[in-house]
């Protein structure tokens, strides 16, 4: 579906989104049943960023960043742009000028299944990007794509309005309809993990904490 | 062409080189018509380095770093070594001892389509390297290559005396004969970008700044 | 060999291990005749870590981290866990909870031919990991592997009790029986390199220091 | 969405499917506006197969082929199995026994974003497979996935009942609702191409046939 | 361990080896508990070869094929050469001349974790090779390696005298001491599979044949 | 250098070109001192093709095949098209229609550092292609490149009028000025190899034929 801009997207409540950001990618991924991760080649351009936001999706032709300009108009405070390509490309679709424009509209970051450039400037601006490549290769503005249609980004389907969580571990998508429930489970998981962490720090073994010894023996594990 | 050392190479004026360094890879790449980028697998061993210099080129056999010793004698203040291999190799051709020797001759950095090691030492010495790999694998000194002949490095042709610009975005080559003109265009581009950046920061959209709405509509973009 | 836990492994004297850590990967690799390096895709999750320790080896099924729990019980002060998989996997086998448990038993780090997650927490805990991937993908606990059997990790054979050295240059294994001799050679190499470094810094060329000019000419090198 | 088997899926009329098979991947891809291709790493295990069929989708855990057994029961004459994984895996999910079972139910082939084995037997049976890898690695049957839910396979979203077209050029998906229209366009394209082919064979140039010379000159192309 | 040629290696009885060849890689891999596979990047240079033989191992420096000449003298009727490199290389270590020499000594094929060339000649000679690459790049003869020491080849440890099985599915190693038992299990497996194949061909489902329905329901599988 | 078509290129005598084709890639590569190979990811779309011809070079933007139409007009009997991209792309630049047009002008094949499609038709037409990918992805005709300027194709520099040799081993370039001399050396090499082949077939060892035993012993090789 190219040549379409969907203007009204349904966003999740900002408190839920911020709660998911605080939990982080690994916890959210586990809390929703180990699904939703983007491919592991998506790496942050600088460490220690941890964000969440509503996805404004961009379907872009290879080496053509025209649709990013179109998408920026659709951004609201707290959004994250998610760009998938029609055909694979590592070109540098995005740099400091577009980041300035996106930040002026409240954008929290970019998830791009392609390349990014001006990474030093983006780092100084504290505009986080998760990308497949860092590459200065310039792009053209010749062919239409779409904005806010479902896109495949790094092996995962992203719908406009889904919640994106991203940190040093990578990127995870939470479906719009499941965000509240996932947050609840993620927080429960965090509480539970804090307890376990204390027990592990005190020297207790997972073998005992999770009562694994019997099942391991039943499977045939031999100590020699 | 192996077994040859070209001793006299024509270098670009140092002021032009330093001007290109200040502009950075993405701007220089755009200013010269979107050409000259090395492949995106060339990554810096530490962030925030931004250099330019005259290329002293090295054609090296796989896993054999003998020619780097030969090349170092040809270095002058402000040069950058650029190493391409006769056949692909990730071996660690270069480490802190060679960097000490190169720095003693004024070398500003290394661009190597192979591996590098001692990266912690190189970071402490502030000797920047862009490489295909970090790998401790030792090399031998058995087979001749050449110095200051044209080499292919990371998918790009580099001639001795071409200007190399390298930063966090990667590596770009500017042809010797075009360096002055490229600098002029790059500076014009920077001035232009400063203006745009201010307008973007104030909230103006690229759609309006670049007058894109008509052309997008003509291509058939639909807002729904 | 799956379903086996070898409980008693022979460790190298801790002073030798600590000496090897101080020398670092590239020096140790050279000192033992340029062998023992793991593949260059093994990268540290944060810079500037330099460790050595006795290998506690883990053979794990794909996307199944059960054996890590079993291995942690076998850890002693100064050990490093080394995980190879039965079939390739990038899943996130290890995170902050397991690191807490491993640190409580004196573990110095993890070498994993698979994925790791919670890298921000691991960085804050200063628990170093060298891995093939950073990936939040959760794992299961269904299938047995083994602990302290020989494993292939990143193209290299690792036996329990071998010494692992890891730093920014990657990871190197030193055989248990050779550790003392390798340390001696590594230290000799370091002394030798200190002298060379001073001579290089003073401007002496490798061509002269290593007396290469005659052999280069004999091979046919031409200066033009 | 794991643990679900959707039993009733809506299939496209078999004549339309067979028509799409006759057109082949490249023509169908162009006819539907250059969309729908799976990633180019999906390669056939033997040459000269050209098939189309209704997608029966399988979402499978890494290295676990349990869901293929579940899916086979859902197959009808003319279907193609499409397997995506919850987390990447190259394991050999499928071999000659499963192919025998699938063929007994009329299955025309398999598209698998993972590994396949027994490729010599599959070739002799003339059961075509497009896969990411050929790998004998065995799989387990421990964890649920789903059947006939939407899956991501090789960077593309596949819904149960979508039409899959596959040949030596790769794999393309046609949405269920668009199949009839795409076939019409693909056939028109074929007719058109037959005419062009004859003109090309007679020596006419694309520059003239497509009237490109004026636009090339306008863009600034210079003949020297 | 370089610079060593082990002359006397213990070979498995030829009947056992030939029996393993007849079973093929996937069956042998399963029969020995799903172990022993080399990495899936090892591909045959032509289809339909299926061989087994005793491993004569070669540890070779990068881009240096000297040790192959040394190894050929150690070959006996029915052997397979297995080459691992000290450091990764795709160079073309082996071509039609070496194949002629190896065939003159009864060699059945080559498993090489590097490159091969003259593949058209090798195909005409019916000398099968499984390799990481096809690459014409020439090699040198400068540095020692070893023959018949344990080598890592494509992520797997191979000892001289181990049995290598290779076919279109890839390459598998069977330990010398386990060959007879593995053959027995592989043959049992084949018999068992013949029965299953007939039942599958007759339309029986794996769900019923393996009695999976109860366990799937217990895990929570829902039909909708 | 984009937007330029060089019309007059100097071609090597056809007898020399045909002679090089008969020698094949590996022999030619060796005969010219082990240089000139394109990267090993360049694979033929069908086996057993062996061609040589004069390079008509194409510099093309990513996913834009306009320049191929321009290049076809420049083809003469016996030429080979060589396409390099301005920025990496796997798109399917070339299919059966363009092949029909190129064949009508006497073109012998295509070397393309990008993707190709309609490979079944190309195989039936016996039009050989060496490519980086097989991918049906369509391309556009929007941006200029150049024809018959020097291009980088698969890590190697190709000038218009250089001789391209391609077969199952890959692709090799012979410089225009060196073609006659390389042919002479290649033929000498072939004669020499025929003699060696006979000796190898008779059971003589390379160790003896090349008199290697002394040098191996001098390097320290030990037989145990």
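Letters A, B, C, D, E and F mark the chains as written, and numbering starts fresh at 1 in each.
Assume a residue touches a chain if its C-beta (ideal position, glycine included) is under 8 Å from a C-beta of that chain, and two chains touch if they have at least 3 such contacts.
What you see is a predicted model; the values in this text were computed from it and never measured.
**Student:** In the touch network of chains, how many steps separate chain D from chain F on the shortest route?
**Tutor:** Steps on the shortest route: 1.
**Student:** Any idea if chain A and chain D meet via the same residues, over half in common, or different ones?
**Tutor:** Both copies, chain A as well as chain D, present the same residues to each other, with over half of the numbers appearing on both sides.
**Student:** On a C-alpha centroid basis, what's the spacing between chain D and chain E, in Å?
**Tutor:** 31
**Student:** With chain centres taken as the means of their Cα atoms, state the distance from chain B to chain F in Å.
**Tutor:** Spacing between the chain centres: roughly 28 Å.
**Student:** Per the centroid of Cα atoms for each chain, what is the distance between chain A and chain F, given in Å?
**Tutor:** The answer is 43 Å.
**Student:** Residues of chain D that contact two or more other chains, please.
**Tutor:** Answer for chain D, listing residues that touch two or more other chains: 34, 37, 87-88, 90, 137, 143.
**Student:** Kindly provide every pair of chains that touch.
**Tutor:** Going through each pair of chains, those in contact are A-B, A-C, A-D, A-F, B-C, B-E, B-F, C-D, C-E, D-E, D-F, E-F.
**Student:** Touching residues of chain C toward chain D in the complex: what are they?
**Tutor:** Residues 61-63, 87-91, 137, 140, 142-143 of chain C touch chain D in their complex.
**Student:** Within their complex, state which residues of chain D touch chain A.
**Tutor:** Going by the criterion above, the answer is residues 2, 33-35, 37, 39, 86-88, 150, 152, 155-157.
**Student:** Using the touch rule from the top, collect the residues of chain C that touch chain A in their complex.
**Tutor:** Residue positions touching the partner: 3-7, 66, 69-70, 72-73, 90, 92, 95-98, 100-101, 103-105, 115, 117-120, 123, 133-138, 141, 143-144.
**Student:** Under the definition above, what is the set of chain D residues touching chain F in their complex?
**Tutor:** Residues in contact with chain F: 24-26, 29-30, 34, 37, 40, 43, 47-48, 50, 167-170, 172, 193, 196-197, 200-207, 210, 212, 216, 219-224.
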